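Look at the two complexes coming up: subunit A is in both, with subunit B in one and subunit C in the other.
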Partner chain A sequence: MAMERPTEARGAGSPPVLTESVPNRRLGMGRVLRLSGTGIGLILLIGIFGALRPTVFLTVGNFVNILEQISILAIIAAVQTVVMVVGDLDMSVGSTASLGGALTAVLLMAGWSIPAAMLVALFVGALIGALNGLLVSYVKLSAFIATLASMTAVTGLAFIVTNGANIFGFTPDFKPLGQGRFLSVPVPVYIAVAVSLLIWALLRFTTIGRRWRAVGGNAEVARLSGIRVDRVRFIAFVIAGLGASLAGIILVSRLASATAQAGDSQMMLSIAAVFLGMTMSSYGGANIGGTLVGVAILGVLTNGLNIVGVNTYVQQVLTGGIIIAAVALSRLGSRRR
Partner chain B sequence: MKKERLFGLIAAGAAVSLVFAGCASSGPTQSASTEAGSTSSGSGNAVKNVSLITGSYGTPAAKVAMDMLIKKGEAAGIKITLQDTAFDYNKINSLMQDAASQKVDAIVVGFTTPELITLGTQAAFDAKVPVFGLDAGVQPVDQVTLNVTSDNPWFGKTSADELVRLMKGTEMRVLMIEHDPHPGVKLRTVAAREALKAAGVNIVNEVQIKSPASGRQEALDFVTNYLTSHPKGIDGVWAGWDDTAMGAALALKAAGLDIPVTTVDGTDEGIAAIKSGTSALKATCWQDWGTITDKLAAGMSDYFAGKKLDSNLIKVEGKLVTAENVADFSK
Partner chain C sequence: MDELLAPEPAQREGEPMLRARSISKHFDGVFAVRSADLSLWRGEIHALLGENGAGKSTLVKILTGVYAPDEGTIELEGEQLEFRNVIEAQRAGIVALYQELSIVPNLSVAENILMGEKMPATAGLVSWGKLFTIAGDHLEVLNQRIPLRRLAQDLSPVQQTMVSVARALAFDARVLILDEPTASLTNLEIVDLFRTLRHLRDKGVAIVYVSHRLEEVFELCDRATIMRNGQIIATELVTDLTIDMVISKMVGRNSDEIFPPRRSHSDEVVVEIESLSGRKVQGASLKVRRGEILGVGGLGGSGRSELLRLISGAQRAQSGVVRMAGKDVTPRSVTHGLDAGIAMVPEERRSQGVILEQSIRENVILSNLRLVSTGGLVRDARVRSLANRGMADLQIHARGTSQKVGELSGGNQQKVVLAKFLARRPKLLLLDEPTRGIDVGTKAEIYSLIQELAEAGAAVLVVSSELPELLGLCHRIILLHQGRLAGEVAAEVATEEQLLTYCYGRTI
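This part shows the complex of A and B:
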């Protein structure tokens, strides 16, 4: 197996960015299967549920339902991907979504215009991301600890903002954001697609994206090559906070109410989706395409198991088991190299 | 690098200081510690220190009740300090043990059932700290001085009976939305199920909500998915509390179906939905927190004054709110 020497890639006006060295191997059938295993798993799931309930599961209406139900998770998982590309983790995305939604709701009820309320919520989300970035990049706390702590604090803030109550009764003009449809497709789906495309473009075509990948590949090598690792990490967390807050705003519009913990459950699911997606990467790293497949798997599982009538708690066990199986198989496959 | 780290520390410290400065609040506190024993108020009467321990402050109806109790306690010279375990009902026992060892004047447990708090109740009993209950089960318990509770079985039965009435003339197929880990919801669910079965209803599915925090979304997604697989498969929905009922109502509205939803709680939002006439939510059972907290505060005052209490369990019925009488409940 021939190993390539580390190569240099240079974008216009940027310092040399060392790409991770990867083995030069032919793409054999086994490797193809291993890399696309998660995608094949998604297709298999669709096939199984389709076979069990063909006239129900395999319908346009149902797939639109699935897309709508995963749209908010897709946004949160997309921004979580950015943080995980850099080699970190953000446990506060769920609570930031809750706070973003709660803040928007409270401001709307106080008479603020929709754009102004949303801007404030997005700004606060970015600020939370900045705090996380500060703690991880400059104070050098572990991302797990820092974001776990900020998750707890942000949840508290959400309770303070809402005073623990359900906020409801928004202006009807706010409804279309979460409940509207365009060409029979729910608006949140369009937003999720837009965010995912943006993240993909950032990661693929921009200097900051290459720097994120470089830091995630080997932070020390990235630093030695002139990348300001701390600043790059910081920006990743700001993006995560911003995206999480956007997801929270959409969630509040979709549910027509805001509570202090409405978005909390999305955090674990977003991490699960990214890990599922990592199994599709040749180097085992976070990637937006894989994340979206992971999100789709989680959405298809929930939808399919509901449709065939599986008990909620059994669903949880199955979902956890499938995630473990997917990631474990991928790890075992990687070790055999 | 060192300057940046120092800058980071200073910035983080400043942020934390600002947060603490902004946290000054005159509302109910959620402190982890309670003040032991009575303290003197300005008038010379001893102020009683009471720990209110719950897992349900995050649910709107429970929050309303507990905020009321805290205010009424204050008016009666009882300082009630709230501790919330955020739906962790097992942790209530630990907090009760802590409060008992700190020899507070009393403990109030909110929104539990006796079997969940045997450890904590025993610890309080051993420490001779009286335990009061706010919506803490419907069976009398010797070690509980006084429990004033919503009659959850009555709520379950009443909301189910109303659903049966609203479904008259249909095939009476009902979807039930539940959450057994919450003691009160479980009690009303059991009663609702019995009432529905006695009326010949076909309960087509029962779904457990995983977390009250995401209950509305879970209910919305579940009912949407159920309607996808059974397009005309239900005639009614019974939900364990207003929030999930609102989720179900959203799903039914999105599907363009005129199917009734009934529930329990009587929150402002639920009542507003019924009043609007456009929501699928047609009835809710309003919980009389005013009467419940009056009786509990009065019972605690009598106890502290050395009076004997007539009973250690008071059940308070609520009122069924429908389109016919919703105006009486609107603010």
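This part shows the complex of A and C:
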């Protein structure tokens, strides 16, 4: 009893309550390094390739080239970001891009107008997204299983549509979408920037963006707060399908040809880009700025390794290694204590 | 006894098993624990009490090697020890069981008990026969009959706790620390747990028991150490304490201030529930009046939480009607419920109430997106003002509205949940265990808040497993037994015994 200390007044004017077990989070050196590690990695890559091949790599022409090469991935990665903000994953974006492109190609060859062909392809992309959303939100399949299955089915559809052939010889009017330039910057770059800005704005300024983030943060909390979780996830998948199809259409225009698997490789790369970007956010979540840095890393890496003359198989190994290194480093950095 | 109480209260003869001397730990210049002295004796159950933020968890984490102390020493059986991590503390015999039990759900009971260094194996191959024998022995010590081959995920919460305790025994725990072990247990299960803990105490284990449930402390513990603001205020024999004394030491004021005086309510019926049925709840009918605080009691699994979920729309009712002002508003989803003016603060704060990794601001707007937006566009200014108002109205202690909710104390997290729903100005507020795991000071604030809301015209339903809370806070209490209404009492004249009788369906 003698140890009883004078009582403190509580409420207004009292000292702030100690939050035990929660040390103040300061912007320490480790934290800065972790958050900017991926960005530093990008600069480092540019530095290395610049040092190795200054005359070829470090030119405006080559940078425009890189931008052009990554613009299609940027679109797919941007919509993949939305799905991953919600806490899901879309494995079908690559094959949806392939199908979207193939469908446009076939319709153009059949004499359809460009807008009509594109609209149909976009609609089908949205439909695939809706199917994914339906399976995940309402049938309650895991996103991994649902989109893995739809990936397989959509690839089949793309082969059916193209009859397994390489389609080319479109009307010249279709060329500018993928190959045109405006102010000496390729058109796909503008589209990628527009899509990224749109997704950024959706995530940052709109109620659906907040709902996505809430569902990704904790779906049960979101539901009990009155958010229609199923609808919110459904919309994310529709956007992914739509974006993937758009990217596929641009890809066909850029390559001036369409095959059933043209966009397939974009799926893994888009997920890798989002993961790389997640290392740049303080809460470890998917975010559009980080995704774009991730896309840039993958683009610079491919371009640089090509210029240095590393063969494509070795390139794949290196790309995989770098993704692991980046994500692993950020995990190490975020370890407690 | 006189000698025991002076000058160091509740001291025993000889050397303690564990002695922590002048332990200090600070984070960023703020002391979480300050010059704390704690002695544990062989064969005692020692309560560690204090409000959230008093420093209990930090002290426990220092004893178990999670944190290294800035100052101070730890001696175990006279030997000074420094732990670099949890495993070293475990090897020394100090084991903590946390609220989130350290159980691997998809492994068997036996594997859970011996997982890690104690797994009997030859050349990397598990010796299954030995595994089951040894694990069985440990459970036997606890007098527990839990099938060794059953998966941990299929166990009841109390059985899972028992498996954790058995695991601690397998690691030769001499000091066992339990943090709120009864939070998810029913009363019968608690009896079982206590029997086991007493048994361990008699075998010479020193047990540290961290809990907010003071009744349990008085039933179970031998001594109690009370902390406030990082310092140890007192260590006393429990027999020398009363609940009121403990509370006043914890908060620095008297306990009768916890429950605000009851106020009258109007006779106007706001909510009428007619034969509502779900999975457990069968044909529940009740009326709540304007300004009334209606308590809902019952044992765990009696359907008391489900009743709230059915009313709020979190779970679809199989049949029945919810009427407000004569209109059928039976909600099909939480969204519908909120639109009708029904809000529910869910039972599990951390998994259902708040998004831990997101800011106060982001959490508070979850139910209020329409309020802070125009045409689908979120207005930052409105978000800020909504969050600031919530912080101010509910006195949330935080660095600012952009602080992550996971960094706040339990009481402040609960205030964030309340702020989120109160911004909807609900006419019917459903509260499921509104003060579970919350310190006494914040409890009092929440009680006053509930009463203010009622006085402002809301009808309130409170589910609580703490009977004193129902008696102190509510006007009227209904009791559920196996999904059916078993009784109704006026809180002012009711006793805990009476409530318990109804809880057990009048059979006891």
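Quick note on the criterion: the second predicted complex is superposed on the first by the 312 of 337 C-alpha atoms of A that agree within 3 Å, B and C clash if a C-alpha of one lies under 4 Å from a C-alpha of the other, contacts with A are read in each partner's own complex, and residues count from 1 in each chain.
By definition in this document, a contact is a pair of C-beta atoms (placed from the backbone, for glycine too) under 8 Å apart; a residue touches a chain by one contact, two chains touch by 3 or more.
A quick note: this is a predicted structure, and the numbers were derived from the prediction, not measured.
K.L.:
Who does A:R53 touch here: subunit B (first), subunit C (second), both, or neither?
P.N.:
first
K.L.:
Once chain A of both complexes is superposed, is A:Q69 in touch with subunit B (first), subunit C (second), both, or neither?
P.N.:
first
K.L.:
I'd like to know which partner A:N306 touches here: subunit B for first, subunit C for second, both or neither.
P.N.:
The first partner, subunit B, only.
K.L.:
Let me test your reading of the model: by the given contact rule, A:A260 touches which partner, first (subunit B), second (subunit C), both or neither?
P.N.:
In the superposition, A:A260 contacts subunit B only.
K.L.:
Just checking: does A:A158 make contact with subunit B only, subunit C only, both, or neither of them? Give me first, second, both or neither.
P.N.:
So A:A158 meets neither subunit B nor subunit C here.
K.L.:
Just to be sure I read the superposition right, which of the two partners does A:A143 touch: subunit B = first, subunit C = second, or both, or neither?
P.N.:
neither
K.L.:
Under the stated touch criterion, which partner chain does A:A77 make contact with: subunit B (first), subunit C (second), both, or neither?
P.N.:
A:A77 contacts neither subunit B nor subunit C.
K.L.:
Write out the stretch or stretches of subunit A touching subunit B in their complex.
P.N.:
Checking each residue of subunit A against subunit B gives 53, 56-57, 59, 61-62, 65, 69, 131, 134-135, 137-140, 153, 159-160, 163-166, 168-169, 179, 230, 251, 254-257, 259-262, 264-265, 302-303, 306-309, 311-313, 316.
K.L.:
Along subunit B, where are the residues that touch subunit A in the complex?
P.N.:
Residue positions touching the partner: 4-5, 7-9, 11-12, 15, 19, 23, 25, 27, 57-58, 60, 63, 205, 207-211, 213-214, 216-217, 220-222, 224-226, 228-229, 243, 246-247, 250, 254, 267-269, 272.
K.L.:
Which of the residues in subunit C come into contact with subunit A in the complex?
P.N.:
9, 27-28, 30-32, 52-58, 61, 67, 228-234, 249, 251-253, 314, 333-335, 337-338, 344, 346, 351-358, 362, 365-367, 369-370, 373, 376-378, 395, 397, 399, 404, 407-409, 412, 420, 441
K.L.:
Okay, in this complex, where on subunit A does subunit C touch?
P.N.:
Counting only subunit A, the residues touching subunit C are 1, 3-8, 10-11, 16-26, 205-211, 213-214, 217-218, 220-228, 283-285, 337.
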